[in-house]
Every structure is written in C-alpha cells, then in structure tokens.
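Sending over a structure as structure tokens; questions will come in a sec.
A, B, C and D label the chains in the order they appear, each numbered from 1.
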Amino acid sequence: MIPLDWYLILAAALFALGLFGVLARKNAVAILMGVELMLNAVNINLLAFWRYRAPDQPVGMAFAVIVFAVAAAEVAVGLALFIAVYRRFNSVAADEINLLKW
Amino acid sequence: MPTTTLLWLLPVFPLLAFVLIVLFTNRNKALSHTLAVGAAFLSWLGAMVIFVRALKIGPEALAEHPIHSWVNWLPTGDGYLKIGVMVDPLTAAVLFFVAWTIFMIFLYSVGYHNFGYPEGDHDQKGLPPHGATVVDAHGHKHRVPSIEPMYSRFFAYIGLFAAGMYLLAISDNLLTLFVGWEIMGLCSYLLIGFWFAKPSARAAGIKAFMTTRVGDVFMLLGIAYLYTATGTLSFPDIFKPETLHALASTPSHVLGLSAAGLIGVLLFIGTVGKSAQWPLHVWLPDAMEGPTPVSAMIHAATMVSAGVYMVIRMFPLLKAGSMNGAFFSPLAVMGFIGGFTALFAATIAVAQNDIKRVLAYSTISQLGYMVAALGAGSYIAATFHLITHAFFKALLFLGSGSVIHGMEHGVLHTGNHEVDPQDMFNMGGLAKKMPITFWTFLIGGFALSGFPVLTAGFWSKDEILSSSFFGGHPVIFWTLALAAFLTAFYTMRQITLTFLGQPRTPEAEHAHETPWTMTVPLMVLAFFALTAGWVGIPEHFPLLGGLLPNWFHHWVGATYEGLLEEMGWLEHLAEGSLVPLYTSLTVALGGLFFGWLVYKDVRSPDPAQDPLKKALGPVHTLLQNKYYFDELYGLIFIRPAYWLAEVFTFRWVDRGVIDGILHAIARVVFDLGKILAYGFDLPIISGAGDLIGNIVRTFGRAFRVVQTGRVQDYMVAAMTSVVAFGALVYYLLVFAH
Amino acid sequence: MGILSQPVGAIAEWLRNLLLGWGLSPGLTTVLLYLIGAGVLATLVQTWVIFLIWYERKIIGRFQDRLGPNRVGPYGLLQPFADFIKIMTKEVIIPEGADKPIYILGPIVMDAGVLMLWAVIPLMPMVGMDINVAALYTIAVGAFATLGILMSGWASNNKFALVSAIRTVAQMISYEVPTVLALLVPVLLAGTMSLQGIVEAQHVWYIVAAPLAFLIYFISSVAEVGRTPFDLLEAESEIVAGFHIEYSGMVFAIFYVGDFLHAFTIGALAAVLFLGGWRGPGAEAFPLLGLLYLWIKAFAVYFLVVWARGSLPRVRIDQMMNFSWKFLTPLALVLLVLTAVLDYFVAGWGAWGQALSHLVMNLVVGWLVLRYLQAWEKARAARRPVVAQPGQYPVARPPRPAVAETSTEAAS
Amino acid sequence: MTAMQIVFLLTAVVALFSAFRVVTTPNMVHAALWLIVTLSSVAVLYVLLSASFFAVVQIVVYVGAIAILMMFVVMLTRREMRDRGPQLGKQWPWAAVLAVLAFGGLTWLVRSAALPASPVGEVPATSVADLGAALVNPGGFVIPFEIASVLLLAALIGAVYVAWTRRNS
C-alpha cells in the first residue's frame, strides 16, 4: 500500500516546479501553466488526505471540485487577457509588459 | 357672517387688492382698478353692515360690551400679547366716515387719473401725464389728457393705505393701531412722492416721512411706557378704573407729571406729528405735491384724522394724566397747541394762492380745533367735528381736484404749460364752466366756514365753541372764535377767486366739467356735508333744539360716559348762555361776507394784485411765507443735521478718527505680517515642508527601482517573504519550546 | 464456466493459470493480462477498419450512382487490402521545419484516443472495463483525438494545417458541450454513468424515450469526429486536406484508420447509449449474440453517418459555431432539465409508461423548436441586409420561399 | 513493493519529469504538451487514489479544455512558429532558490509529521453520489458550489468581453 507522504512529497515537488515556472518563465502562458501545476499539486493533496483520512465524507472531494472550477475560470480569464495583451503589445512576454513601471 | 369675522376682514380686502395688483395684475390697468375699487367697495359694505348692527345694539349696551374679538399673538413672559378688533360707539362712528370717504376716493381716482384716455405721447413714469395727441376721423389733431403711467401702482398704494386706515380704526389695542398708523405713514411717503421724478415731490415725501417720524418716535416711547406700566396695550384693559387710578397716582418724575400724564403727552406728540399740529405742521402743505385725490383727501380726511382719533381714543388716559393739575398736563398742552395751531394755520391760509395749499392750512387749523376741543375736555365735540370735517374737507379737496382737473383741460387746450392750474388767480368764473363742482364746492366751503343751521360744520363748530365756553376755557374759546372768522374769510376768498367773477385766463375759459366718476363722489360727500351735522343738534338750541334728539352726543358720549362717571370726572356743563351761539353766527357770516367783499372784483391773474396784500403789506408777506417756518427749521434742524452728517460724522469722525485708527491697525498688522512671512513662515515652516517633501522624494527616487512593473518580480518578492515568514513561524512553533 | 456462457472470462482464466504456471507473481500477472486484453482489442478493431473502408466506399458509390470497388476480390472486398499494401510501401515524408516528435506523435495520439474509447464499450454481457464513470470517460478520451489533430496540424509547419488545427480546437471544444448534455440524458434515465449499467437499464431503448437527445448526440458526435457536413478540419476546397496535408505513408494510414474507426466508434457508442447496446433476444444466454446485436446496431448508426456524408454539403464555420452554441446547447439544456423533472414525476410508472411519457415530452419540445425555427427563418429573411446601389436608396428584396432560402444558405 | 507502488513510482517519475520540462522547455507548444502529460499522470494518481471520477474530470477539464486552450492561445500569440531567445527571465536563479526552499520546507514538514501509511477505510461505492448530494445540500457545500458557478459565469462573460475584437476601433 502506498504511504500518504509519497503523495504529499510528490505534490510538494509539483508545487515547487510550478512555482519555479511561475517565477521564472517569460511567456505569460507558461506562467499560467505553472499556476496550473500548483493547483494540481493542491488537488493531489486534497484528494490524498480525503482518501487516507475521511474516505466516507465528501469534504475533500468538494474542495477539489471547487478548485477545478476556480482553475477553469482562472484559465479562461487569463487567456482572454493574454489575447488582449497580445493585441496591445504584439507580445506576451511578461517582462515586456511593464506599463506600471515608475 | 358673524360681525367679528366681518370686522377682521375689513382691512384684509384692500390689503389683498394691494398684493394682487403689485404681484400680478399691474400690467392690466382696468383689472387693477377693478380690484382696488372692488376691495374698497367690499370693505365699505362690511363697514356699513357693522355700523347698522352696532346701531341695533344701541350705545349703552355697545359701550358696556363692545363687539370684540382677539387672538393670542405674541407669547410674552407671562401670558400673551393679545391683538384683536373691537367696535364700540366711537369706532362705529369713525368707521362710518372712514368707509364712505375711502370708497369715494377710490371711485374718484379712476376719473382723476384719466382712465380710458390714451397713453401719453412722452409720458414717463414718475411724472404727471402730459396729455396725448389723438387724430379723429377728420384727421384733426386733438390734445387730450393721457392716462397716468403708474396707474396700477397708484391703486396698489391707496389699497395698502386703506388697509392701514381700517386696521387703525378697528384695532382694539395700541400696538395694531400703531401698525396701521405706520402703514399709513409709509403710504403717505409713497404717495406724496408718487411723481418721484419731480424734485419737489421727492423732497415733500422725505419731509413728510421725517416729520411724522419725530412724532412717531415719541408715540412709540409712550406706548412702551404704557406697556411697562400696565403690562397691556388693549383698550378694554387700560380703561379700567383701577388701571387709570394706578397710572394717575404713579409719579413719572418728569415735569411733575404722573405716569398717565407723561404717557398722554408722548402719545399726543405722535398726534402732533400725524395730524400736523404746530410745530410739526410743516409737512402737510408740501404733501399737496402728490396726486390730488390722495394727497389731498388722505392728508385731509382720513390719515390726519387718525391722529385725532388716537387721542380721542385715549381720552380717559389723558384725563387721568391731567388730574394732578401739572402745568404740562396733556389736556393743557393740547388746549394750547390746538388753539394756537387753529389760529396760526388760519392766518397762513388767508395769504395762500394755491387752491390746495389753502385747504391744507385750513385742514391744519380744523385739526387744531379738534385738539383744542379735547383740551377743553369735550371729546364728543372733537369727534363730532372730526366726522363732519372729514366729510366736508374731503368734499372740498375732491372739488379742488376737480377744479384743477378742469383747469388742466384748459391748459392742454391752449398748450401753455407755464400756467399753474392750481393758482387761484388763474381761475375765476368757473361756476358756469363746472356747475356740479361749483355747487358741491360751495356746500363744502360753507360747511367749513360753519354757515348756520344748514351745514354740518356749523353744528360741530358750535358744539366745540359752546363746550369750550361752558367748560370754562375762555382763552380757547376766543382763539377758536377768531380762527373761525378767519376760516370763513379765506373760504369765501377761495370760492370767490375760483368760481365767481369772470375768467382771468384763457385756460379758465376752456375749463370744463369732469367725468361722473369724479362728480358722483362730490355729490355723495356734499350730501353728507349737509346732513352729517343734523344728528347732533344740542337740546338747548333755540327753536330747533329738541326737535331732533341730540343723537350723536348720546351715541359717542356713551363710549366713555360710564368710565368717566365711575372715575368722577364727568362734568355737567351748565348751558344757558347764548354767547357762543351768537359768536359763531357772527364769525361765520361775517367772515363769509368780508371774504366776498374783498375779493369780489379781482380782475388780473397777477397774485400781486391781491387786495389783502395792499391792506396788510409786510404782514401779508410774512403770512404768505408761512412765518418762514420752513426756513427756520432749515436753519435749526436741517443745516445742522447736514453739517453733522457731512462735516462732523463723515469728515472728522469717520474719515479722521475711525479710518485713521483702522489704517494704523492695518499698517501695524501689515508690517507684522511681513516680518512673520519673511522671518518665520518662509524659512521655517515652508522650509520644513520642503525638507519633508525633498526627503520623501529622495527616498522615493531611491526605492522606485523596486517598482519594476513586472509581475514576476513582485511575485518573487512575495514568495521570498512567504518563505521567510514560514521559516520564522516554523522556528517559533518548533524550536521556541 | 463454459466458453459459450463467458467466452472472454474463460480465455482470461486459462491465460492466468498458464502464466502463473510459468511462475510469475500474481500482481505482474494481472498487469500482463490487462495489457494482453488491451492489445487484442486494439488489434481487432483496427483490423476491422479495413472492412469499414470497403463498406463506406460501397455505400458512397451507391449514393453517387456508381458501383464502388468491385475489381479486387468478390464485390471488391479485397480492394482495401491492396490500398493498404500500397500505402505502407510509401515513404514517410517529414517536411522541412516540422517538429519531428510531435509530427509523429500526432496521428498516434489521435488513434490512441479512439482506441481508448473501446476500453469501456460493453461488447457483450460481463465484458468491457466497467468503470462507474464510463460515460464521462468517453468524452474525456475524445479530447485526445482533438489533441492529436492539433499536434499534427501544428507540427506540420504549414499554414493550412495550422488553420485546420485551430478550426479543430474550436469545433471540438464547442461541440463537446452539447455532447455531454445529450449524454447526460441516458445517464439520467439509467441512474448510472457506467455504460454496462446503462445498457442493462434499457428495457426500452432510450431512442424511444429520448429521440431528441439521440439526435443531438448523433449530430454533435459527427461534428466531433469531423465528418461531413462538419468536416471543416479537412475541407479540401478551402484548406487542402487540412491537418494531414503533409502526411504520407504509414502515418497518414494511421490518421485514415483513426478517422474511420472514430466514426464507427461513435456509432457503437450511440448504439450502447440509445439503442440498447448488446440487448437482444437471447443475449444473456449466449453473449456472442449480444456482440452480434451490438455490431448490427453500430452499423446502422454508422450507415447514417455515411449517408450524411454522401448527401449533405459542408457548412460554413460560423454556421457551425452558431449551430452549436445558439441551437444545440440551449436545446440540450432545456431537454436535460425537462427530462429530469419529468423523470422525477413519472418514477414508478413502469418502463413503457416512463418511456412513452418522455416520448410525448420530446415530441412536444421538438414541435415547439420547429415552429420557433420557422418563425426565426421568416424574421431573418425579412431583415436580410440589402445592397444599396450607388445613388439610390436600398430597396428590400422580396422575401423568397423558405425552401430556396435554406438551400442557398447551405450552399453558400 | 506491490504493483500499485510500481505504478505509482512510474507515474510520479513521468509527472515530475514532464512538469520539469513544462517549466524549462523553450518551445511553448512542447511545454503545453508536456503539461498535458503531467496532467494525465496526475489523473492516473487520482485513479490510484480510487477517485476515478476525478480522474475523468481531470482529463475532461484539464486535458480536454484547459491544455488545448493553452495550445490554442500559444498558437495565437506568436509572430513566428518558433520561439527565439531564452525562455527564462533574468530572475530565474532567484526563482530556483525559492522553489527549492519551498520544496525543502514542505518536505521537511511532511516528514516531520506523523502520517498514516494506509487509508483508514475503503471508499464507499456511492462516493460520487454522496459528493453530488453534498454539493447541493444546504447543510453541505451548496453555497461554495453556487459561488463557484457564479464565478464561472463571471469568468465566461469576462473572457468574452476582454478578448472581444472591437470592430469599430
């Protein structure tokens, strides 16, 4: 049987990679991908705890469902934003979009 | 409608007319005068109804229980200041003539202001109309009178005036009476200065206002004193025996007068101003600058009567004030002032050539009569003469207005505007031109001069003379007798110069009768001028005495009879001697005869040809210049006042002292401000402000590199801090204990 | 346990014993058995495609008044074999600048997506991986087909291919919605998401209870597959052959197979969901009969697909989008809600009672939709934009008869 | 070492490697594809967690919609087919340090916590039904559920509005 902490460590690793992607990648879409990775890590945690701690209660699953919905919404709006940004700047490089610079 | 409601409504109608005209209908002349006359008619109707109801009640009952209605108006410390309306026999009598005269004037004004004539060619507001040119069917040009430019405004003013008069007549306390009094003061100012483009009219308006102000201030003092002394202003409360006793017994420490005496004197000074008694008479003749109906009749029939009405109303108080026999007791003062004014004004009137000025001075002297009668202690006679005089003086003035109107027709016809249509020497022989005016004027004149038996003036004047004679005031008696003679004389002089003989000018040739709106009031008033006296024929009068009951004496006497009797001040005159009767007959007929004799054959329009002038010489000049009273006042009051205002107050006090002080302060403050500004504000305060600003800016410059505008840099910072805090928290949680 | 009653079970049992006999660990054995099963199934269905190609070409030929393949073998049955030998001998050309791994992966992913569908299709009683979310699973793996097309279209480094890929994404994502909604109707009626369960619940075929849902599911599935009239992703006349413009030889063959197999799979799924799957007289007793029944039904639906391809022209892309978002999706939503409510009320009316009541509801809804469509068509004809001649005011064209209207619409 | 553990380890390796490629590969399309691989392997993890419903949902939502949408956008937001230049920003060492720190901290936490080696019980067959009931149960998660749905609607409208091409401009 698989110990719980395997899942958790895997989730931590995914989270760290996603974090790196978010912080380091130039392309905005890539940043979004990093966010997705982090969300997935979170979901793994939720379901793992659900499975190992309270499989007879739908709490963890409910949270996971909410996370799915949030992820979908975030991606929809984010990608729409990137398209608008691309129209404006002709690029989606996150470090070229600095209108709010001093 | 209940009588009290009707009573409250009397002043409301004209007031309403005033408001409506001023606010809404002043563009529409016909509508405006309809409103005003309609309001006057309503008030007249109401007054008549009230009068009849009062008659039904009967004098004693009415005196005991007047028609009275009041409301709590002003909350004072304890209780309320009540204001209300009241009708007792005196009020009823006054209301009667006030209603009639006011209604008549409103009617008369329509015609006087040429309603129905075209707009003037070059009329402008503030000037009397100069006439208009109309082209008839045959293409002939005619000069015709033009309508008054400020027609509606005029009716608004007299509407307000009527409201004031009614209010004064029906008010049951001194306060509302004073309010009405002041309203009329304002209206007289407005109406005297109605043609405000004429400098003389302006000056006259201001003069009237100022002069009456003098009286009013004293009157207000009296009212205030009365209120402080009694705590009330309503007549029923004041005229209680205990109140009067208290007032009479309280010393005022002024000229040895009792409180009642001082109050009486103060109130009387108000009358002096309002009723133009010497020494405040100067405004009334100038008031003739206004349009004839108003200036004339208001300042003759109603408004000036208000002053007399007030003192009559306050008679018990005055009586109480005169009880301690101080030298300046109100009645004594009134007796002196009244008598002197009567004679003095009569003498001036003798030498005047302006038809209206003559009447003005006669008014002053007649008012003097009434005041003197009061001084002699017979308020009934005063009231009687007040009423009759109101009628015939209104008649005379309207008649003179009609004459002037006719003359203006002539002036328009000849186009010679040099001719003064008011100078009697320019007239003559108008009897044939304007018969109605002539006859009514004749009746009025005879009434004024006391033509025996027929006319009302005779009875009232006889009443006054006899009362003063039997009342034991011989000085007043003889003074008044002489004044009566002069009155008759100048009245006849006026009639002769105006109507009899031949026309002395082409204008007089072409004068003609005035429209019905003017003649009808004349006739109505003439009727009263004849008949108003017959209600007061004394019992002891030979032949006629007792044929008719002395109804008026009975009626008005009832007003204060009970009160005076209770106070024990009611003196029963032992009437038997016929001296006063003969005297009055003599002076009246004699005066009339002499007047006709002297002036029957004046031919030239030149005032210098006045036969009396030849007879009297310098005295005549003195009289013609009214004893130089205006100049005297100018010297004593006006010039000093101007000097005070111009030189002392303005140049010295204001410019020199006050401005000097202010400039000095300003200089000091300015220098101080400079010092503070350059010594403190700039270097220290704003220096510190700039320093802070600079520091902030420097730091901002230093740290702004943080704000790269790149999302990821921010995220890096955020995550760094998250990791740091996480480590910290973990450290605290795990290793702290 | 006889070969007739449980054929697959028996074979699996025999294999397990064999492997254990070789001394393998039980866990490994299970994994191996899964792999073997999957391999066998995949091979069978892909080989089956050969027959599908012949079938389709024959039918299209009949539609076009031709004979179709008739030279190689009886009735041309061997024609597909010849074609396959030919195509396998061709070279696999990888264009310059193509993204090689993805270029190769594209068709494989697509084919895999199609094959994964077969994992859950209940071929016969007690056969087929019976997961409790199979219905949803079918949609999920459908995504892989999309993905494959997208990959290949992008990797070809070709504008037409890219346009085709973009079109594909748009089409797939927008037609997934009505598919899922329509799919939920049988799920709702059966009360389970397991296909096996759905089949067992169909005492009355759901096409009787939910004909509209069947229609919607059929149309949107055809769109997902990208067959005519929704074959915009390979519209020869616009983007020459679309995503597989650069492909040749084996990789193209994979696409080809995947395409046909996908269409047939749609038929099979429709049959499972709406036509009672393997149900039929005697199927419980002899499961192989169930397999036959399923096959027949699948072919029936597949015939419809071919029929549409043979008779319908291609739609414009905006029409396709409007059709999905403005017509199919709302209709499916309404249908779903009504079905749910009705199902709640008619529970316990017996199988036929429920089915007939649902049928009545469906007919009413369909009638209303038709009326609405007619009214909409009329209004649209009225406000058709008018070309203004220079120097004269635009004049409204006289409304043409509805039939001509629709025909021009479809053709343009 | 049971079969499930083998499967888990294989899946984990695949997931991590693909995730690493996602954040490192210079080619955005490849990144998207690698992301798909990661997500699919996460789905496999869900299966291992006997949450097959979530596995399928993961495929539908992430692979079927999100990832494909991302590829879509990647294709739309580029001037030429290939990406040029480095795909990592200047701050990438910082990011690496932070990621490592986060991973280390989390791992430390996990290790230092006492966690069960095996589930407390089996998943009831009706878990999906329970989930559905709980999501619409007033005593359960109906309010978060509704909020999530409203959020989705808002996201839909917002996306349409933001990405709308204003023809007049």
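Details
Keep in mind that, in the parts below, a residue touches a chain if its C-beta (ideal position, glycine included) is under 8 Å from a C-beta of that chain, and two chains touch if they have at least 3 such contacts.
Please read all numbers here as calculations on a predicted model, not as lab measurements.
Chain pairs A-B and C-D differ in how many C-beta pairs are in contact, and the one with more is C-D.
Rounded to whole angstrom units, the spacing between the C-alpha centres of chain B and chain C is 112. Taking each chain's centre as the average of its CA atoms, chain A and chain B sit 98 Å apart.
If each chain is reduced to the centroid of its CA atoms, chain C and chain D end up 28 Å from each other. Annotation: 102 Å between the Cα-based centres of chain B and chain D. The set of chain C residues touching two or more other chains is empty. Chain contacts: chain D has residues 2, 53, 57, 65, 69, 72, 76, 89, 91, 94-95, 98, 102 touching two or more partner chains. In chain A, the residues that reach two or more other chains under the touch definition are 19, 22-24, 94-95. A list of each chain pair in contact follows: A-B, A-D, B-D, C-D. The part of chain B that touches chain D in the complex is made up of residues 710, 712-713, 716, 719-720, 723, 726-727, 730, 734.
On chain D, the positions that touch chain B within their shared complex are 89, 91, 94-95, 98, 101-102, 105, 109, 112. Every residue of chain C that touches chain D in the complex is listed here, in rising order: 27-28, 30-31, 97, 99, 102, 131-133, 136-137, 139-144, 146-147, 150-151, 154, 157, 162, 165-166, 169, 172-173, 176, 193. Interface of chain D with chain C (complex): residues 2-3, 27, 29-30, 33, 36, 52-53, 56-57, 59-60, 63-65, 67-69, 71-72, 75-76, 81, 125, 128. Residues 1-10, 12-27, 29-30, 32-34, 36-37, 40, 43-44, 47-48, 50-56, 58-59, 61-62, 64-66, 68-77, 79-84, 86-87, 90, 92, 94-95 of chain A are the ones that touch chain D when the two sit in their complex.
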